[in-house]
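To keep things simple, chains are lettered A, B, C and D as they appear, and every chain counts its residues starting from 1.
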Amino acid sequence: MWLDTLALMPVLLLVVAGLLIIVLDSLDNDSPVLPWVALLGLLGALVLELNRLGGGGRFLFEGLLRVGGFSAYVNAVLLLGGIATVIFCRAYLPRIWHAHGEVYALVLFALVGMMVMAASYDLVLTFLGLETMSVALYVLTGLAREDVRANEAAMKYFLLGAFATGFVLYGLAFLYGTTGTTRLDLLPTRIPNTPLFWVGVGLLLVGFLFKIAAVPFHMWAPDAYQGAPTPIAGFMATASKAAAMSALLLLLGHGLGLVRPQWADVLAVVAALSMIVGNGAALMQGEVKRLLAYSGIAHVGYALVGIASASASGYAGALFYLLAYASAALGAFGVAALWEQRPDRQLPAEDLSGLGRRHPLLGALWVLFLLSLVGFPPLAGFMAKYAVFAAAVQAGKIWLVLIGVITSMISAYYYLRLCVLIWRPVEAHPLPSSGQLASGVLLLTSALLLWLGLWPSGVLELVGRFFEDSGLVLR
Amino acid sequence: MQVVLFGICALLAIVGAVGVITARNPVYSALFLVLNFFSLAGLYLSLEAQFLAVTQVIVYAGAIVVLFLFVIMLLNLRPEDLPRFRLDRTGPLVVLLSLGLLLGVGMGIWSLLGASFPQDPQAQAVGTVESLGRALFGRYLVGFEVVAVLLLVAMIGSVMLAKRRFQ
Amino acid sequence: MMPQWTPYLVGLPLLGFLLSGLLGLLWPRYRRWEIGIGVLAVSVVALAFLLALGLFVGLPQEELPLRVVLYQWIASGDFAAPIAFRLDTLSLWMTLIVTGVGALIHLYSIGYMRGDAGYWRYFAYLNLFIAAMLLLVLADNLLLLFLGWEGVGLCSYLLIGHWYADREKAFAARKAFVVNRIGDFAFLIGLLWLFREVGSLDLGVVLDRAGAIESTALGAIGMLLFLGATGKSAQIPLYVWLPDAMAGPTPVSALIHAATMVTAGVYLLARLSPLYVLSPGVLGLIALIGALTALLAATMALVQTDIKKVLAYSTISQLGLMFLGAGVGAFSAAIFHVFTHAFSKALLFLGAGSVIHALEGEQDIRRMGGLSRHMPLTYCTFLLGALALAGLPPLAGFFSKDMMLTAALGSGHEVLWFLGLVSSLLTTLYMGRLLVLVFHGAPRAPAVSRAHEAPAVMRLPLVGLAVGAVAAGWIGWPDLLGHGAWNWIGRWLSDSTADLEHGLSLGLEALSIALSVTVAVGGLWMAFRLWGRAGLEADHMLQRRLGGLYALWQSGYRVEAIYERLFVRPLLQGSAAPLRWSERYIAGGLIGLASRSAFFIGSGIRRLQTGLLSLYALVMLIGALGLLAWFLWRSL
Amino acid sequence: MVPAGGYLLVSALLFSLGVMGVLLRRSAIVMFMCVEMMLNAVNLSLVAFSRLLGDPTGQVLVFFVMCVAAAEVSVGLALVIALFRNRESIDVDQIRLLRG
């Protein structure tokens, strides 16, 4: 028991750091030390997770959780998102007069929920992780409580999220009722062929697809991102999607891996819809955060192409895609957060004019992030798309790949518009806040994009090792 | 005995639910909600889940609905300036879709319709405090801790969102 | 010279890009230090050229092809894509063209771009372009080739939009990019399909196993890759971007849109020629498209008034001839034409650049004339380039064009041969017209009298290219002379390309050559007679005589307008204005449909996203019911 | 003795009523009550399954759901209060600044 608890050290570290922040905050309100405490916890957890990245997974607490391997990889992605979010928040929040210490604690607690999701082999625990993450995100979305937009965004996210929770729970109930277990490690041997079981699977999917903002459960995302503080929007777009996606992968790939034909097609349809709707809507979008939200919906579609391939290489591709997308999207949201300066926290595309002239480095990084989102070689986005598409081709889902390629070609149109816009010779305002540390994070993520694009073998091999060819998450 | 309890409680629960969605005044909605929750507690009792029945009354009826009522009073929501019921264009569609949901789930349940509950003492003892406690603090100890974090988050969050002090 | 040096061919220009880019971005003072930037950019390309030359001289032909692996790019599961380069006669030859012409144009740019605000950016992109183009040419893996393919497209986009402050130019850049993406999309699908059939994208494996692919799949793959080539090489139906691409600086037009990038399509066909010769139907279509493009573009070039647009349409036409050559199985002849055309067309563009430079930005040939007196060197070199392009023996263009035309005749495509001949005639006409209207006659604008020769750094490349335009053809004499013994280039390239044999009797070949020569001489004579005497009046006379046809030519067969209607205004017009079947036919419904439906979907979604919470919940419920119905249906 | 199907059907009916309420009502607070009703309906199913299987996991989950519901209620009502302070209304049809 004790050893098992020790193995949960990264999560515990975050909890402790969060509690410490709350205590410190009550002693010295909104102290500038708090983000550093959060960063310390996050870095510690990241080191621990990276340390056990290579090894296989290990079950804890009688098969309740599994750490190392798959979960270590996902957790590393999540922690990366957390670190970037904390640093961007540190630069951004004082500008909107909301540099509350509690924010950092909430980010950490949200991460606790996410990391539990990525490690959980019991749907009960997955549900609890999901809720912990969600509740923290509802609050963070509505952070700027004196602003009607923030209220609206949080309200929509919250009500729809709670609505989705209802579905997820109902599905879980049916799964439990028909198989007699909520354990993912026992599920493969107990799959009955009753309609009720499949009703349960369908309802369960609603909740997960809602959290990753896949069509048709995506409509909250643009509104919520637009109203949320920009770094938090980046957090939602990357970390929460990664967590929910990994939980989905565990459920479908591991729990339901033996009955792949039953769910693969429907997931392919969802993926296709997401790619079409996400890119189509982004095409006509003028607000940068909304545009990134729609682009995020489209990217979920691409990642789902990997899962819909229902093969080891597809799952590996999806995992690789999560990292590639998270790095690029964190960067894009980070630049948006640093540059945004309107009091109503909006960022119309025209506001980007002149960014490149005023801050060439920031401009160049922005272009790099967007190009990776387009899927331009040799950046990570290209490699990620290639990985999922190749898996889908092998799975015989050529039509899905066709849609994927067409939509990503279309997506070039709106990304490039944003790339060109920033170099317009317009007199632009200086950066509203100094963001040396934030620029460092941006440089780091861009280096990651290049690295993943040029030397992807290491990571591809790593994620490939998590899965066996039977399609079950085993190692 | 069980049949009677089930019949009454199920009926009351449904009446409560219909009441919640039809009442004009949110206070009435909240009171119908209490009715719904109480009758569910009764249903739990009929399923020999005594611990949950008690918790249901304490948590839902005692805490949650009171919180609802408290907020309704705080905001001083009066029935007349409340948004009305939406039975305009989408109304029929919504009813239809909800019935579709019921139908879909019902089709799933069909196969389990006649399943009767096991009557051995072991199965009957599932709902006791002891049995639940073993599961909760055994296998699901980690879950219990996660819930602790969740409640902490909710506490911090609601204070942040609702406290008076504005800059 | 060791083949291990190959990666440096790509690495040197890449290094130049990184240095210029980073220094310029991070150190504002560097941006003004033009000599440093220019010398750096030119020297990396020149070094690459020397390296290529060393490889060319140092590697005996028998040792080729060689495979140089740099490192394993992707190795996951059953799919591996190494970063590997393929050194064979074809890639080595293309490398020489790219680096040689590239170095000269870099040199020219030093003078041409002087004082430009984006000097450092320009050279950084130009270096990046060379790197990407070399990657495209040298790649041993089709995925890597695609990387280069995308890279050159990106650089082209960046350089066309170099003066992005000008909205029209930025738009031209975007247009080029979007049209290219359509081709790239087909290319990528083709690659994925090929991967599915063969299980690898390594060139060696693909070419070896091409015979094992089932013929319909092979045909479809060939068609998709060809569609990609039409995008990059500006062929029907995707040629519309090239004339607009002239918005970029003139050296860019010379390098990217005449000498190198646009020939990537031809290179692709030659590279995959063992695959293409297995599907004669696709080859026939390629030849047909090529011939039609050559003819149409030549007619359009005849009536343009912008000096660069004339050259742009001329490039499209010449590329069409190359596709014709490739389509009739004369791949090495097509590459030969890439080689000679690179010299003559780059020379013409740089000459045009000098003219534009001297006239302070004037591009309209109606306001030129009589420049030969003020710019003698430019005139002489431009004349050589024009004559070479027109196919006057013994200048370079004659040999390569003739090689393709005789191949067309020999392989039994008499009609296409005739079309090629007609477009050759048109070529002589429009080149003659351009030459006369720009350099001869009386000045038609005051600026002409102030014109002066360009600085030495710009004159030197002109001379260098002129030498090439004259002599480049002498490595490939027709079979008629020396019975193929003097056709060195054919023997060199045929190691890498799968040329189709064609038996053409010496008599017919002689006839073909004689006709070509007659056409060239006669056409030039006609042009000089027509425009030399009447000047601009000749245009007006043609306009009167030909009436509607002329107008149709001038508007580029209204294809632009049709595309505009299908591309740009689909929403404004909707389906209210039914398109005439002919227009729809020309435009190729697929392209329009794709973009139209994209915008349609986009606006539809926006309308659905009303901000109404209940609607969002409703959509969720519908989605949930959809999932439920699906699973119930599957399980019942 | 009432069979398990009876409980499950009641639960399905309550769930559907909750869904209907969420979609029909315009007041944020009543919508939220309907969500709570949905969760309760699920709880009923869970207890019934737990009893049917003779396994406590379902009831543990119900206990967790109660905690989750409590957490959601506190955050949700805080959001309602924040919204009401700014808008003097909790009609969800009125809040549509964010769209498109």
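Here are some notes:
The rule is short, and it goes like this: a residue touches a chain if its C-beta (ideal position, glycine included) is under 8 Å from a C-beta of that chain, and two chains touch if they have at least 3 such contacts.
The structure displayed is predicted, hence computed values, not measured ones.
Taking the mean of each chain's C-alpha atoms as its centre, the chain lying closest to the overall protein C-alpha centroid is A. Contact tally for A-B versus A-D: the pair with more C-beta pairs in contact is A-D. Each chain gets one centre point, the mean of its Cα atoms, and the points for chain A and chain B are 31 Å apart. If each chain is reduced to the centroid of its CA atoms, chain A and chain D end up 26 Å from each other.
Between the CA-based centres of chain A and chain C the separation comes to 41 Å, rounded to the whole angstrom. A separation of 63 Å divides the Cα centre of chain C from that of chain D. Among the residues of chain D, those touching two or more other chains are numbered 15, 18-19, 22-23, 26, 32, 48, 52, 55, 57, 60, 64, 68, 71-72, 75, 79-80, 82, 92-93, 95-100.
In chain B, the positions touching at least two other chains are 86, 90, 94, 97-98, 101, 104-105, 107-109, 112, 140, 143, 147, 150, 153-154, 157-158, 160-161. Among all residues of chain C, those that touch two or more other chains are 606, 609, 611, 613-615, 617-618, 621-622, 624, 628, 632, 636.
Listed in rising order, the residues of chain B touching chain A in the complex are 104-105, 107-112, 139-143, 146-147, 149-150, 152-154, 156-158, 160-161, 166-167. Chain contact summary for the complex, chain A toward chain D: residues 124, 127-128, 131, 135, 138-139, 142, 145-149, 151-156, 158-159, 162-163, 165-166, 169-170, 172-174, 176-177, 180-182, 222-223, 226-227, 285, 290.
Put simply, chain D touches chain B in their complex at residues 1-10, 12-21, 23-27, 29-30, 32-34, 36-37, 40, 43-44, 47-48, 50-52, 54-57, 59-60, 62-64, 66-75, 77-82, 84, 89-94. Residues of chain A touching chain B in their complex: 8, 15, 18, 22, 61-62, 64-65, 97, 100, 102, 105-106, 109-110, 112-113, 116, 122, 124-125, 128-129, 131-132, 135-136, 138-139, 142-143, 145-146, 154, 170, 174, 177, 194-200.
For chain A in complex with chain C, the residues that touch the partner chain are 155-156, 159-160, 163-164, 167, 193-195, 197-199, 201-203, 205-206, 209-210, 215-217, 219-220, 222-223, 262-263, 266, 276-277, 279-285, 312-313, 316, 360-361, 364, 376-378, 382-383, 386-387, 389-390, 393-394, 398, 401-402, 405-406, 409-410, 412-413, 416-417, 420, 423-425, 454-457, 460-461, 464.
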